[in-house]
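Next up, some structures in structure tokens.
Two complexes, one shared chain (chain A), two partners (chain B, chain C).
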Partner chain A sequence: MEIQDFIASIAELFEDTDANDLTADTRFKELAEWSSLIALSIIAMVDEEYDVALKGDDIRKSNTIQDLFNIVKENA
Partner chain B sequence: MYNPFSLNGKTILVTGGSSGIGRATAIECGKLGANVVVTGRNPERLKGVFDELDTSAAQRHQMVVADLATTDGIDCLTAALPNLDGLSSNAGTIVGNKPIRFLNEMDIQSIMQTNTFAHVLLAKLLFKKKLLNKGASCVFTVSIGGTLSHVPGSSIYGMSKAALDSFVKYAAIEFSARGIRCNSVCPGMIDTPLVNSPTLTDEDMAIDAQKYLLKRYGKPEEVARTAAFLLSDASSFITGTSIVVDGGYTVNH
Partner chain C sequence: MAFLEIRNVSFKGVATAVPKPVKVVGEQPFFTAVEAENFTNVTGVVSSHVAPPGMTLSDLCLVAAEKLFEDTGWLRDSIDLIIFVSTSRDFYICPNTANILQDKLGLATSAVALDLPFACSGYIYGLGVAASMMQGGQLKRALICAGELTSRNQSHLDRTVWPLHGDAGSATFLEYNPKEQHPMQFNLGGDGSDWETIVCREVGVRFPTTADSLDIKKIEEGVERNAMQCAMNGMSVFSFAISRPGKCIMELAGHFNFTISDIDYLLIHQANKMIDEKIRKKLKLSEDKVPYSMPYYGNTSSCSIPVTMSSQIRGQLEAGVNNLVMCAFGSGLSWGAAHVFTDSICCTPVIEV
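Moving on, here comes the complex of A and B:
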């Protein structure tokens, strides 16, 4: 499980944010286009690609993409 | 005693009777004097509701375990039914909160099967087999979701409800030949096991509840009493329409 692949999958869910601007340290909820739809999309993407059922609470307590990735890894 | 809202002597079938809104409707109908037939899949939960039904006016109740997502289940249920004066059609499900790009065919089929097709096929059989008495009332639990409110991640749920709401109007027209009334109830968020989605935090739910004029989600009893009104003779001139029970959510949006 590679963080680079995870970042690429997250980047897919953003329309206006340049994929090259996303890194493990990006505070994803502070991006201009952050929305409840993107939050739901992250949960659905992680379910589909990693077979991990994230909760809304996992999104709430994560700040960076790395934080999210760590939760996915712990539960995979 | 004068009470046009009474359900005394009426026999009413309540689907989705093992939980939430259906459970509350079954209990309310029993208290208003009806003989209740409750149905659901989970035998323990269903028995629990059956045992709670009021019998102080010598009502006779019945419980039938059936999976309405299958033709067999609908056939078994209708085979076990007495003649009815009312139907409260509640069986319903939700599959996560999935944005459209993540939908798969299974999700779509299973939601449509339970939330739309099951209600349509049951209503059809009840009418065809003449299990609904003349002047009976059918009440379908739809939702503001898909009819009046559209939030991301609930497209198939909303679609299943809008389709059912449309069907109710056709049923009102065709079933009027026997004086049978058909209406829907459209609840906003109601505190039941259905809305405990893991994708939402408690904080999300608290913020959402503030969008309701009454600053809270509804209780199953509040939907049940609306259904009971539509099942009673107090609503004898109401058919082919829908009652919104949403604490002022849609008027505020």
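Moving on, here comes the complex of A and C:
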């Protein structure tokens, strides 16, 4: 499980944000495009690609993409 | 895993009733026009029905059951078992609402009457419990009344639940039938570690009701409710709903060795369109095999499956044999799937009360 693949998958969900601007340290909930629908899309992507069921709190307590990746990794 | 295989029980009929008044997503004060449109695009819900003051779920189930008695010609005293599946009970503590309906419907006092206080997953549990009790042949006929007045335990100021849900009640007939060729097959499960995901908190003995329980609190923009009303963690529900039900169905098909693509219909709990579409695609089912009733009825909790039968595939259910998978999931968390064959059942159009 590679952080680069995870960032790429997250980048696909942010249509209006340049993928090159996203790094492990990006605070994804502070991006202009962030919405509850993108939150659901992240949950769906993690379910499909990693077979991990994220909880609402996992999104809530994660600030950076790395934080989220760590949770996925722990539960995979 | 709890797999059940029940022989000698046939699914004979279903009727559904909704209140006449309509709740329109686009008219809710917590939504701008754009927000309402986005909500409908994601959830599939345009409008639903909402019970007027004074109406209970048992009132709706009563109408549905009366219609089913009329259309099938079944005699009242032939019912040996009545199960009321709902959290919208006439009395939260006691007595059971099944007893109230037993009396109002004129059923025999020798009939077994019990409540199953499930929310969205309830229809599968109602079928499973009833069929299990009937398979020995002592109980010949069962009536299952399932549904919810979601409007009674939700805040109309909470946009995470109010626009999604609708009110509806149903009646289902099962019959002991030694000639039934197809067993009913079930896969049931639950996970209480996630009990907080969908909860009405201060209405039981864990967190007793106090005067403060009635205070309406602003949780966030567009979300105001008191501590007795339903609180739903939308993201956790979504995550659970796109993964667990699909697995539950695949486990059912694997255990009982049937092919999912052979079924005529998947009758899925009308959680919301985005969730249900993800489940449909995971199971590789074509759109015509997964009918949706949520556009004009919303998520009606344990009535989702009966509403879909009555409003979407009534003609097909009345006309011949149907190979069905039903699946429902929700508060508990709990979930269940059933593989059921029906043969020219009685299915009434949705009755507006």
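FYI, the second predicted complex is superposed on the first by the 76 of 76 C-alpha atoms of A that agree within 3 Å, B and C clash if a C-alpha of one lies under 4 Å from a C-alpha of the other, contacts with A are read in each partner's own complex, and residues count from 1 in each chain.
One rule holds for everything that comes next: a residue touches a chain if its C-beta (ideal position, glycine included) is under 8 Å from a C-beta of that chain, and two chains touch if they have at least 3 such contacts.
From a predicted model like this one, the values you see are computed outputs, not experimental measurements.
Shared-chain residue A:40: touches chain B and chain C both.
In the superposition on chain A, A:73 makes contact with neither chain B nor chain C. By the document's definition of touching, neither partner reaches A:27: not chain B, not chain C. Of the two partner chains placed by superposition, chain B and chain C are both touched by A:55. Residues 36-37, 39-40, 43-44, 47, 53, 55-57 of chain A are contacted both by chain B in one complex and by chain C in the other. Chain A meets chain C in the complex at residues 36-37, 39-40, 43-44, 47, 51, 53-57, 59. Residues 38, 42, 194, 233-236, 238-240, 242-244, 274, 278 of chain C are the ones touching chain A in the complex. Remark: chain A residues 35-37, 39-41, 43-45, 47-48, 53, 55-57, 60 touch chain B in the complex. Touching chain A in their complex are the following residues of chain B: 96-99, 101-102, 152-153, 197-201, 203-204.
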